[in-house]
Every structure is written in C-alpha cells, then in structure tokens.
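Both complexes shown next keep subunit A, but they swap its partner, so subunit B is in the first and subunit C is in the second.
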Partner chain A sequence: MFDWILANPYAVAGLLLPIVIPLVVFQILPLLVLIERRGAAFIQDRAGPNRAYIYIPVLGVKLRAFGMIYNATDAVKLLFKENFIPPFVHKGWYLFAPGIPVITGLLGLALIPWFAPMSYVAGESLAVLSGQMIEANSGILLLFAFGGLGVYGIVLGSWASNSKYSLLGGMRASAMMISYEVSMGLSVMGMLMLVGSLGLTQVVEWQGAHTWGIVVQPIGFLLFLVSMFAECNRNPFDVAEGESEIVAGFHTEFNGVKFMTFMTAEYLHVIAASVLLATVYLGGYQLLPLPLPLDGFDAPWVDLNTLWLKNHLGIIAGLMLAGGGAGLLGFAYLLVGRRRTYQANDANAVLKAERSKEYGLYIAVFALGGLGMLAGAVASVMLMHTAALGQTINNTVIFPGWVNAVTAFIQFNILIGKAMLFCWLFVWVRWTLPRFRYDQIMALGWKVMLNIALVNLLVTAVIAKLVR
Partner chain B sequence: MFESLNHSLGTIYFGAFAIIAVACAIGLLVVRHPLSGAINLVGVMLALSGIYALLDSPFLAVLQILVYAGAIMMLVVFVIMVLNQAKDHRVPGLDWFSVITLAVPVVIGFMLVSTVRMNLPASPDAQRATVEVLAPRLFDVTAAGPGYYLLFELIGILLLVAVVAAVLLAKRSLDTSASEPDSADSAREAQEVQKESHGAH
Partner chain C sequence: MAKVIPRPQLSFWENIYFVEIFKGLATTWGHAQKNLIKGDFPTRNYPDELPALPRDYRARHRLMKRPDGTPRCVACFMCSTACPARCINIVAEESDRLDIEKRPAKFEIDLLLCVFCGFCVEACPCDAIRMDTTLGVMVADNRADFVINKTTLMDWAPADYPATDTQSQKAPGGSLHAQALADFNSGNRH
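Moving on, here comes the complex of A and B:
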C-alpha cells in the first residue's frame, strides 16, 4: 500500500483534495468572524473585542490574540449550552434544517478550481489532475443548483420552528433568494458567453489568456456582486434576520449548536461567494490580468500565466514570501508603537506590566515570522530554478512533481488572497449601509437589476458576435 | 486497480441513491403533512439526479437539481408555507383514492421492468447528455439540422406568454386592493371585490 502511494502521488493527491481543501477553507471562518468584529469596531470607531483572554502559566502572559479568543469562547459556549428543543416545533425537520446550508456551502467549494490543472506522466500516457474536486463541464450551473438547495435550510428551519417570527423571516428569505437568483444567473451569463463554456476552469483559463472578467464585464460584475449579497443574506439584504422587526428571523427558535451551525453556514456562504467572485471576475488563480509573454508558445489555449509562473517559480515565490514577511515586520513595528503608547499612558502598574508582556510576545512572534518569511524568500530565489525543468511532451509542458505542488500552493494562495478582498468588502458594506426595506429589495431585484442584466446580456451578445 | 474500484464504487453509489429514492417515495406516500411530503419529493429528485450522473448524463443531473429540486419544489414549498400559515392542518394518509391511483405507477413500473429485460442495445461509453453534446445539437441552425432551436424558441415564447398572463392577473387584483384607485372604474371594481370578500366571510 505504501509503495502504491509513493508510486502514484497524483492519484493520492486527487483523493486527498476533497478532504484537505474544505478543512483549509474552514480555517478561514474564525478569521472572518474576527475580521467582522474588528472591522465593525474599526468602522464604528470603538474598542472592539479586547476582554477575553487565555492565561499562559509558563510565560505569565494573558493572551488576547487581537480578539481571536472570543471565537474560542463563542464555540465553547454554543457547544456546551443546553440543547433545548422548544415543545411546539416540528422536531424532525427542526433538527434537520441547520445542516442543509452547511452541506450546500461545502459542495459549492468543491466546484471551484483552486489551482491550474496539472499535467503529469502516468505510465506511458499523459494524465491531468484537475484543480476542481468535481470536474464538471456544467460547473457553474451545478454551483447555482447547490445555491438554490441552500434555501431549503432556511425555509425548513423557519417553518419547523412553528413560530410567526421565524415563518416571516423564512418567507422573506425564500422570496428574496428566488428573486435574486434570476439576476445572478443572467449577470454571470455575459461572462460565460464570452468564454464559451460553463466550466469554471475554462472561465479562469480564458481570463488568463485575455484579461480579467471585471475589465470586460464591469456591469455584470456589479450585478453579480449585489446578487451575491442577497444570496448570502448579508446586510443590506438581511431581511431574513431583520432583528429590529422580527426578533431574529428564521433562527429565532434555534439555540446552541443548531444556531452555531446556521452561523457557520452564513460565513461559509460568504467565503464561497467571495471565492466565486474572485474566480469569475478577478481571474481566479491567475497572477496577473494579462497574458504574460513567453517565447515559443503562441497556441491560443495554452495557460500562459501558469506556464510563466512555473518557469519563474523561484522569483514569484520569493516575491510573495518577501511581501508577506515585510507585512509581518511592519505589523510588528506597529505593535512596538502601540506598546510604547500603553507604557506612556497607563496609570495602573499591574496592567502596564501585563500589556508589556503580552505585546512583547506578539512582537516576538510576528518579527520572527517575518524574518523567517524573508529568509524563505531569499532561499526560494536562490534554490528554485525551474525554467529548465519543463519537458515538452505531446504539446504539453510537463514539470516535476514538486514544481506542480509549489505552483498549486501559490495559486491557491493567490485565489484565497483575492477572495479575502471580497470578504472584507462584505464586512465593510455590512457596517456601512443600513438594511433595505423589503419592498425596496423586491423593487431593486425585479425592476432594476433584472432589466440591467438583460440589457447587459444583449449588448455582450452583439459585441461578442461582432468581434468573432 | 482504479477501474475495479470505480466500478464497485459506482455500484455502491447506485445502491445508495436507489435506496434513498425508494425510501423518500414511500415517505411521500405515508407522511401526513404536505410540507414533509414536499421535502420527501425533493429527496427523490436529488437521488434521481445522482442516478442520472452515474448514467453519464451530467447535464441532465444538473438540470434535475436546478429546475426540479431547486426551482419547482422551492415554489411548491413556498406555496404550502403560505397557505398553511393560519392553520397547520394535516392531510389524511393513505385513503382509497390514493390506493386506486397507485395503479398508475404499478403499470408504469411493469412497463419499465419489461423494457429493461428486453436488453435494448446501448453503448455504455457514450456521453449521453453533456453540454458539449447537447448544445451543438440543440442550437444547430443550419437548414439540414434537426431544427430543435425553433421548438426551443417557441417554448420560450409560450413561457413568456404565461408569465405576462400571470403578471396581468396578479396586477388586476393588486390594483383593486390599492388604497387610492386612480379611476372610477377601478374604484367600483374595488368595492365589488370588497363586497365579495365580505360575503365570503
């Protein structure tokens, strides 16, 4: 068995991919909650989460980790809360409902191309390991299908709660999601028409060969962004919760683990929407919004960006590591300044000593991490010379396994980085705009966005026909 | 190694989907609440779409989820929720009418079984309903082509007519219940509707 694993690393990677990627993406959830809390405090000009801490006995440090401890306390509280089931609910559906949006959110992640397809030699022929977990030629349709199924969680949960507030929230949510699915599908259709394929890998490769979708379809991008806000039930479209009108909407009757599952699903949908936006309109895993020059390859359907990345792997990895290291060092420098301010202003001597120790730990960790990344940058520039490693077999350039692995890692990070931009946009909008009224949402969806999406589709079709 | 693994996995998946489909279908017959029935029907459709995917028809599978499980059943669930808001009543389970209508699926089932036993020629390797196969055939606009695109456009117009009619019907009742009727005609209509609704109560 072990020999077989060593002999077929790509097959093993293909089997592990559906387990590893959801696990990694799940690690963004607590980060997103932290961004939400700190971002809210930042935008509203207040202190933010700064009380919960873990005491580390050996170092004598009260670790607050910038509010990250709040996530742990949240999880502990919600997990160990009494699993109360109200007596008036429809019990089976009530317990079943919170799982549905989580499942559909995870299934959506399975369709995203996380890295460029890798070609490798298997026996005497060439084989390809796709960056998608489900290699479907109707990829984005399947994504919309799963998105449509996610509504069942809210609808079932609200109905099974058997309470008026929940039912109102659920009906609002389902009506809104059905309405905005129309403009979501129509707005992305312009991009798909230009690409000529429904597969998400093809969409990303088209963007690598031409330019990013946001440049050729700016209106479609805006419509898709707004539809995504509605599909994720985020402010200003969060009438499903509407806490000022209907208590907490569809999850009024849910508590403990069940409530946590609903919240997990909400943030999972934010991540999935961000990744989808980055994939369709920001070039997915592609590094730059233009095809990079590469001698000897003028075939229209060679993924030039990926090939260029593999040829210059050392420099690109070095630049990214250097950027990350500089960021960490800059953050450490900021923390030094913060520590000095506390030292000057704090009257309480005990508090002063505590904060000094805590910030000392942060500064040490971030400075060490930054220096380590800088060292890694130098090492990768010095050691990774990959331009000569590619062999051309049957019009395909084959690289050794470790080059493919590092490229996949870099491309995964590029995609996550682009997605984090949209994650921050979700937070930013939530704490900037007030909630729309329900009739305003319906009017916007049916009377404004649908019409703009139709006109956009028509104009795109005419231009695409003229250009070809 | 992989071929045999894939084959046995396919059998296992088919068994799982078939069991889910049959279980949900039986559940649809025996549950008492309409919404439970609707969710069971969604389960049947999802399992069917899995079986379509196993039969090398991914596009059909996607459409099964997107259109039937996603859109149509969502509408059904929505209507049941709206109608059941006031009174959470349950329908009787198996009555004589349902037993009689059971004859239809039994007959269709016999026909299906006999068709399968006939061993019709089918190539297992064919990609039956992928986007690449379907799209050129459906939108083949040459004169020698099958001309499915004309039917496609006709169905589109039919749906458009249905949507316009639905909007018109909904608009009429909306106009009559408006607080400020802009013409005497609609005002009279509104009064009539009010009278009717009072009479109904």
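Moving on, here comes the complex of A and C:
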C-alpha cells in the first residue's frame, strides 16, 4: 500500500483533491462572513462586531481576532438552539430542503479548474492530472445545471414550510432564477463561442494563450456579473428575503441549524459564483492577462502561461511571497497605529493593558509572518531554478513532480485571490445599492438584459467568424 | 391649492444605472478605506471608551464627607422629602459629637426608582449629597444591588475631582484636608 502511494503520487493526489479542495474552499466561508460584517460596518462608518473573545490562559490575552470569534459564537448558538419543527410543515421535505443548496454549491466547485492540467510520465505513456475534480465535456453547462438545482432547495423548503410568506419568498426566488438564468447563459455564450469549447479548462487555457475574458467580452462580463448577483439572491436582487414584505422570505419557518445551513449555502454560492467569474472572465488560474513569450516553442494550442510560470517558478513564487509578506507587514504597521489610538482612548488602565497585550500579539504574529514570507521569497528566488528541468516528450514539456506541485499551489492561490476580489465586490455592492422592486427586477431581466445579451452574442458571433 | 412636485426625469446616464452604480461604489469605498486605514470612526467604542461627561451632568449620587471622614449629612430628611420618586431611605440616629445633633444610620438610594432630577441636591442644606460623579453607567446583576448604601455613596476619592471643588478637597485625602481638619477640630465645622 505504502509502496503504491510512493510509486503513484499523481494518482494519490487525484484521489485526495476532491476531499482537500472543498475543505480548503470551505475555510473561505468564515472569512467571507467576517468581510461581510466588518466591511458593512466600515462602509457605514462604524466599528462593527469586535467584542466576542476567547481568553487564552497561558498568554493572558483576550483573543478577539478582529471579530472572527463571532463565527464560532454564531455556530454554537445556532447548533444548540432548540430544533423546533412547526407542527404544520411537511416534515420530510422540510428537513431535507436546506441540504440541497449546500450540496449543489459544493458540486459546483468540483467543476472549476483549480490549476493547470499536469502532464506526467506513467509507465510508457504520458498521463494528465486535471485541475478539475469532475471532467465533463458539458463543462459549464453542468455547472449551470448544479447552480439551477440550488433554487430547488429554496422552493422545496418554502413549499414544505406550508406558510404563505415562505411560499411567496420561494416563488420569487424561482421566478428570478428562471429570468436571469436566460441572460446568464446567453452572456457567457459569447465567451464560449470565442473559445470554441464548453470545458472550463479550455476556457482558461484560451485566456492564457490570448487574453482575459473581461478584455474581449466586457459587456458579457457585466451581464454575467449582474446575473450572478441574481443567482446568488444577493442585493440588489435579494427579493427572496424581505422583512417588510414577506416576514423573512423562504426561511421564515426555519430555525437553528437548519437556518444555518441555508445561510451557509448562500455564502457558498457567493464563493462559487466568484470563482466562476474569475475562471471565465478573469483568466482563472492564469497569472497575467497576456500570452507570455517562450523561447523556441511554437505549438499553436498550448498553455503558454503555465509553461512560462513553470520555467520561472522561483521568480514568480518569490514575487508572490514578497507581495504577501509586504501585505502582512503593512497590516502589522496598521495595527501599531490602531494600538496607539486605543492607548489614547481607552477608559481605564486595565483595559489599556489588556488591549495593549492583545494587539501586541497580533502585531507579533503578522510581523513574523510577513518577515517569514519575505525570507521565503528570497529563498525561492535563490534556490528554485526550474527553467532547465523541463524535458520535451512527444511535444509536451514534462516537469518533475515538485515543480508541478508548487505550480498547482501557486495557481490555486492566484484563482482564490481573484475570487476574493469578486467576494469583496459582492459585499461592497450589497452595502452600496438599494434593492430593486420585484417588478423592476423582472423588467430589467426580460426587457433589458436579455436583449443586450442577444445583441452581444450576435456581434461576437460575427466578429468571431470574421477573425477565424 | 396643492403644490405639484414634478417627478424628476432621469438622464440617459442615470437610466442605464451603471454610471450611478460606480459613483455609489466610489462613495462607499471612500468610507471603507478611510475607516480601515485611519480607524477613527465617528462612533465610539462605547464601554471601552467612555464619553467625557461634564460635572453638572446629573449622574449617580455621592455623599460628601467631613474632614474626619464622617458624612456631612445630618439626617434632616430634606432630600427624601423633596424626592419625587421616593427613592431615598434614611434612618437617623443620634450623633456621637456634642456639636452635631443627628447623623444617618442608614442612607439608601434605590437607583431603579430614582429619576435623576437633582431635587435632592437642591434640597440639601448642608451640601451633603451631590450628583457630580459622572458615573452614567450603572450595572448590576439583580435588583437588590441597585439599592446603594452609605458605604457605596461615600466611596469616592478627592483626587478624581477638580482642585476648584474645595468641598471635595476638604475630605480625607484631598489637597485642602490638613487645614480643614484643623479648623474642624477647633470647632469651625463648616
């Protein structure tokens, strides 16, 4: 068994990735909740939730982690709430419904290419480890199908609740889903037409070989972005919930852990939508929005960007680590200033001492992390020389396993970084715009977005035909 | 005649939403980055950062002290009579000094009944009760703890009060205490 693991590292990696990647992506969720709460607070000129803490006895520090502890307190509160089931609901479907959006959200992540396919030598022939967990020819269509299934959980939950307010929320969600699914599909079609394939890996590779989707399809990008807001039931399209109109919307009758599951699914869909937007329109795991030069290599359909990345791995890893380290050091510097402010303002000496200790810990952690990353940057630039390691077999460049692993890690981080930009955009827009009225949403979806998407598709088709 | 307010007509750029959306995003981004980087919010970190209340703010009461540390109160019941909420409960007893007739054996204020009107301060003939502690926050776990007694009322330090407040500085620990105690012992108790 152990010998087999050592002999087939790529096969083992292929088996582990479907477990590891959802777990890693799930860790973005508490971060997203934190960004939502503190981002909302900062936009509205207030401090936001920052008071829950965990006391660490050894250090004597009240660890508040910038409000991160609220995630834990929320989870504990919701898990230990009474699991009340209203007597009038259809029990089976009612209990089953909250799980559906979570499952579809996680399945959507399985179709995203998280890193470039790695070629490796398996015995006599070449084999490829894909960055996607499910590699289907239908690609993005399957992703849309999973996304569309997510609303089934909402409708089923609202229907099984046997309450008119829930049902109204569920019907609104499903009607909006149907309306915006149309313009979503049509807007992304322009991109797929240029690529000539439905596979997401091919979409990303095309962007590596040409340029990012947002450059060639700006209108398609905007339409797709707006449709994604509607798909995720996020403001300004959050009519599925409406306190003033339909009590709480589709989750009126849900409480405790069932409600938490619905909320988890909402944020999971935000993450999935962000990753999809980054994949289709922001180059996915590609580093730069232009094809990079490569000496003595002229194969027409090849992932030049990834090859360039593998050839210059030390410099790229060094630059990324240096950027991350500078960011952490900057944050530590920010905390130094914050600590000084608290020293000036805090009410009494006990508080001052506590806060000084707490912020001292944060500053130490972030400064050490930043310095460590800077050291790692210097080390990777000096030690990682990969340009000579590639061997060309059957017109494919094969790199050693560790180069592939580091590349995959870097590309995963690039994709997550781009997705976090969109996550912030989701939060930012939510706290900027007022919500649309329901009929305005329908008018916008059917009378405006659908037409623009169709015209965009037509123009793209003509141009694609002329260019080819 | 009713005043007709014309419905505002949206211009072309306002009608396609996107320009206005980006303007709004720029506004909120300005606020977000200012608050993230500078960190000086218009709001206050309330229980950690307390507001500076002025001395004439009617806060929790205190009992003033003579230079020898006894309360200035002579248990005349003026304050409890003036109190519209009837929250002051005084039990008088005979003083052990020959020049002072009475003193409070018990002086309780029920903070849950108190309406913080300041009438007790106005009524007091001896400047014995004041509401200048700036203790605006009163917290307790049960109702009984909101009834504060003589010990709590006299638990204050002259150092926390300004030097111009001569009555407070005459109490034990104050800057004028030595002279005041000498005067007090020689019979000049005011």
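Basically, the second predicted complex is superposed on the first by the 467 of 468 C-alpha atoms of A that agree within 3 Å, B and C clash if a C-alpha of one lies under 4 Å from a C-alpha of the other, contacts with A are read in each partner's own complex, and residues count from 1 in each chain.
Everything that follows uses one rule, which is that a contact is a pair of C-beta atoms (placed from the backbone, for glycine too) under 8 Å apart; a residue touches a chain by one contact, two chains touch by 3 or more.
Note that the structure is predicted; figures quoted are calculated from it, not measured.
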item: Clash-or-fit label for the pair subunit B, subunit C on subunit A; value: fit
item: Which of subunit B and subunit C A:107 touches, first, second, both or neither; value: neither
item: First (subunit B), second (subunit C), both or neither touched by A:338; value: second
item: Superposed arrangement, angle subtended at the Cα centre of subunit A by subunit B and subunit C, nearest 10 degrees; value: 120
item: Which of subunit B and subunit C A:246 touches, first, second, both or neither; value: neither
item: Subunit B versus subunit C as contact partner of A:137, first or second or both or neither; value: first
item: Touched partner set for A:129, first subunit B, second subunit C, both or neither; value: neither
item: First, second, both or neither for A:273, with subunit B first and subunit C second; value: neither
item: Contacts of A:68 with subunit B and subunit C, given as first, second, both or neither; value: neither
item: Partner chain(s) touched by A:46 [first = subunit B, second = subunit C, both, neither]; value: second
item: Shortest span in Å between Cα atoms of subunit B and of subunit C, once chain A is used as the common reference; value: 20
item: Touching both subunit C and subunit B, counted on subunit A across the two superposed complexes; value: none
item: Subunit B-touching residues of subunit A, taken from the complex the two chains share; value: 4, 11, 90, 93, 136-138, 141-142, 144-146, 148-149, 151-152, 155-156, 159, 162, 167, 170-171, 174-175, 178, 197-198
item: Of all residues in subunit B, those that touch subunit A in their complex; value: 1-2, 33, 35-36, 39, 42, 46, 58-59, 62-63, 65-66, 69-71, 74-75, 77-78, 81-82, 85, 88, 130-132
item: Sites on subunit A touched by subunit C in the complex; value: 39, 41-47, 222, 334, 337-338, 341-342, 345-347, 351, 355, 428-429, 431-433
item: For the subunit C and subunit A complex, residues of the former touching the latter; value: 18, 21, 24-25, 27-29, 31-32, 35-37, 39-43, 45, 47-50
